[in-house]
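Once you scroll down, you'll see the structures, which are given as structure tokens.
Shared chain: subunit A. Partners: subunit B in the first complex, subunit C in the second.
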Partner chain A sequence: MSGKTSGGFLERTIQGAVSLLQETVSVENVAARNGFLQHRDPRFKCLSAAALLIAVLMSRNLAELSVLYAAVLCMALLSAIGLFFFLKRTLLFVPVFSLFIVVPAIFSGVTPGEPLASFKVLLWNLTITRQGVDSAIVFFMRVLDSVSFAVLLVLTTRQHVLLKTLRVFRVPQLFVMTMGMTYRYIFLFLDIIQKMLIAIKSRVGFVASTRDGRKIVTANMAGLWLRSYRLHSQVYDAMVARGFSGEAFVLDEFHARVPDVVILLAALMALIGTLWLNLFFR
Partner chain B sequence: MAQSVFSLKDVSYSYPGGIPALENLTLDFNQGERAAIIGANGTGKSTMLTLLDALIFANSGIVSAWGNQLTEKTMRDAGRQRDFRSRVGFVFQNPDVQLFCPTVREDIVFGPLQLGVDHAEIRRRLEALANRIRISHLLDRSPHQLSLGEKKKAAIASVLIMEPEVLLLDEPTAGLDPQTMRDIIDVIDQAHKNGKTVVMATHDLHIVEEIADVVHVFGGNKNVIRSGTAEEILADTEFLQQNNLVHIHVHRHLGVAHAHLHEHGHEHPHHRDISGFR
Partner chain C sequence: MHIPDGYLGPITCGVAYAAMVPAWIIASRRVKKTLAARQVPLLAIGAAFSFVIMMFNVPIPGGTTGHAVGAVLVAILLGPWAACIAVSVALVIQALLFGDGGITALGANCFNMAFVLPVTGYFVYRLISGNSPVKSFRRVVAAGIAGYAGLVIASVCAGLEFGIQPLLHHTASGQALYCPYGIKVAVVSMVGGHLLFGFVELAVTSLVVKFLQVQDPTLLGHNREAAS
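Presenting the complex of A and B:
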């Protein structure tokens, strides 16, 4: 018998499904809080986020990027999102990886300029330049700001509402609806997968090898595909039964208020200011 | 004489692969009637409801609604389709099939939106219906966050909001706790009092007398084997047992185990020896 057991394989797959469900519930809970951004019209929020992202991408100045980052942290606090929770989500993954990516840029070979420090690694003489460090920091801050704006938008807007705002960008209604349905049924299938794997585990326990465990799961994937195929035809029937004839109509539930317009204007001003500073002032 | 709503004449239907689901079925449903369809699994109850909702079409025979034949060709007409969909509501057996939108609110308003009902009117209906069925607190939740009972209520609401003349219900009380079952029965009963024709397939015999004026029993021949009032049919325990509609129920009276057929609403005979029921 193999040293590895399928218990671990099945356990990890079940755990993966459960943690995705828990993660979604946790995000939905944040989006349901009584905070500043949670009450904003998602169309205005999306447009503001887009304007701020462009501002971040256009900016080459550390001070500007720092101001934008301070703004995003303030917005998070106003939206009843704990600072630790927010930083954990925004700082740990993407920006830290971007820091690794940007390391070569600090050396004179990639970014020539005023030397800050020199040292030798094996046969190579390496020199860190001021220009290299500056551009690396600006790159890191750009990534950090962009990730923070995107995460803030996702955390303060319920997923299905976020999907609906795609209509603002002229995405066809049928496409938005299909995305919404996909989002809805992912959870049904996650639930089915979870129950199915628990049922398998109850029978095979921790005895079978990892390879056997994978075989069992693969065989059940085919069963799941058949279920989804059957479900798709039934769901279509349920849609037709309620009058669907190929074109989907929805109830417009968005209501813009004064703070929504204010936040969009502020974002546009930040964008114009950044463009002015970076394109004309220097 | 009551106006006929649905009429099936010598209808047969087979699923792909030639598996027969209904064979030469002839049956009528009248305006304002409350009809229960009972029968063992695989006797064609759900298939008949799907035929009545014009989601599938008979291989042979005639299915008509308000005197107009339901065929693939006639249902291709957009006006006819819209008129039919606004008059007939179908509650599917599996609420996960019926609740396909990201939130309960979107699911409930889906039908009237597709049928072109005015948005203000939809909002008015939604508020009234959600209060009546007591699901206002569920409206912004995702269907995957609901219990089975809540899903069933939302699924029924998604059909009632269309204000159809006929309600087709496929096992609306299956697998529910007693209180939710009671709530669903009350909703169906209220819909009937408001003038709706109700056709319901069910395995819950104990609710049949309350929710149906007429009962059609489907048998292994994929056809109706008996029709009558709920009282008549439920009283014939031998007939029900022959058609897999009651089972042996063992319980204790005064510390003594005994068995009888599992039925409700009638005095039942008691037997100490359960072997006679096997």
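Presenting the complex of A and C:
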């Protein structure tokens, strides 16, 4: 193999597949715990999460976003989710990435306003503005709140229940059925990828040129498509053999209790309060 | 390209969802018309394929790796409308079941990656490949250019969505409430990055098509009706 070496791409892909599998197992474990949100009716929980996400989206100041963040942390603790685990799951990546992205916006070049501090870097005079800092903090908190509410919903609801809830909300059957099957296929594909790449690694070793590496990866992608394409008619035969006639049926029934209604009312009040504050008192 | 929650304001999120509803309806109708019941699992396979394709680390010069989106590849394999559904499903699963990607920004993500990317990419693929034979080299070139062009056009859309936020949502003192960068900065940075790293998409789309031409060329020819 010639050219510049670029080792590690096989390991990174295998590691990515393993991480996703491990994460799914850990999420399923959390969703199976005996916590407050785990026992809630998923229909009410999804509606509450949607109301709170819209409230976060409509919030315009740090105080509102901080109250919503305190609420999400309290709900996580009530749902038997460790604070460290939740913070690690929500703070890393998107909010931290957003923090880096928003740093240039604190300077007067992007957000003009009242100067807070000025300094010189090489040939440039930089000025941090109050409006810039406020804007960056609100942006960061909004991203953090949104990620936290979305992750809390995922952590406290089992995946198959979440899919079933979509059907209750009249999401077209083609989409829900495809989602359910896709979810299962993803794990099948991850298993195939892992096996294929480990087989390659054991034959060609760790080092490949960039060009050869690309060939290996794309041949694997094409191989994955070939294998899965050949599978689809067998899957359909298996579905028909189990009684599939074009309509997917939901077996479990959902039962609403008083706390489900209370949590939805609280979420709706938070949304109405946010809308009222931001539309009439800005 | 993947927009998280909190970057786009309510107007953009609402408009993007509203724009995707007719796209999903048209896609569902087209797919129901062209895909036989036997091929329903194929949609799920396409969605899972577009999900896992992003997990493949592709070596790029300089010793680092990148990843492809694969939406144009799915469009070439299944047709643009089936790709619209497949990529939308992959994005919904990513957001709802894995907690990655935005829920309020889902409409915008689907518009960029499940509609603009596969539809424009497929159009470019058809334009360049014309009526050339399935096993021709022209189709390999067409697939690569289509993957690259689709990605860059979708990044323009994402850049515009980011860039209009300071115009749409700001306080009386001019403080931006969502993405703080204007159109010039947002579009230049989004498109610049994708122009630079878009060749991963080019390489993946063209090489997979080339591989399938050798292994099973029928897979590249079955969706012609779905496309038109």
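Methods note: the second predicted complex is superposed on the first by the 223 of 282 C-alpha atoms of A that agree within 3 Å, B and C clash if a C-alpha of one lies under 4 Å from a C-alpha of the other, contacts with A are read in each partner's own complex, and residues count from 1 in each chain.
Everything below uses one rule, namely that contacts are C-beta pairs under 8 Å (C-beta built on N, C-alpha and C of every residue); 3 or more make two chains touch, one makes a residue touch a chain.
Given the structure is predicted, the values throughout are model-derived calculations rather than measurements.
In the superposition on chain A, A:224 makes contact with subunit C only, while subunit B stays out of contact range. By the touch criterion stated above, A:154 is placed in contact with subunit C alone, subunit B being left untouched. With both structures placed on the common chain, the touch criterion links A:136 to subunit C but leaves subunit B unconnected.
Of the two partners subunit B and subunit C, more subunit A residues are in touch with C.
After overlaying the two complexes on the shared chain, residue contacts for A:242 are found with subunit B alone; subunit C is out of touch. In the superposition on chain A, A:56 makes contact with subunit C only, not with subunit B. When the two structures are aligned on the shared chain, A:183 is found in touch with subunit B and with subunit C. By the touch criterion defined above, A:102 lies against subunit C but remains apart from subunit B after alignment on the C-alpha atoms of chain A. The intersection of subunit A residues touching subunit B with those touching subunit C, taken from the two complexes, comprises 159, 163, 180-181, 183, 185, 188, 231, 235, 239.
Interface residues of subunit A, counted against subunit B in their complex, comprise 25, 28, 159-160, 163, 180-181, 183-185, 187-188, 191, 231, 234-235, 237-245, 248-252. Of all residues in subunit A, only 4-6, 8-10, 12-13, 16-17, 20, 23-24, 27, 50, 53-54, 56-58, 60, 89, 94, 98, 102, 105, 110-113, 131-132, 134-136, 138-139, 142-147, 150-151, 153-155, 159, 162-163, 172, 174-175, 177-183, 185-186, 188-190, 193, 208, 210, 213-215, 217-226, 228-229, 231-233, 235-236, 239, 246, 282 touch subunit C in the complex they form. For subunit B in complex with subunit A, the residues that touch the partner chain are 50, 53, 55, 78, 81-82, 85-86, 89-90, 92, 94, 96-103, 106, 109-111, 113-116, 119, 122-123, 142-145, 158-159, 162. Taken in their complex, subunit C has these residues touching subunit A: 4-7, 9-10, 13, 24, 28, 31-32, 37-45, 47-49, 51-53, 55-65, 70, 73, 77, 85-86, 88-90, 92-93, 95-99, 102-104, 171, 173-181, 185, 203-204, 207-208, 211-212, 215-216, 219.
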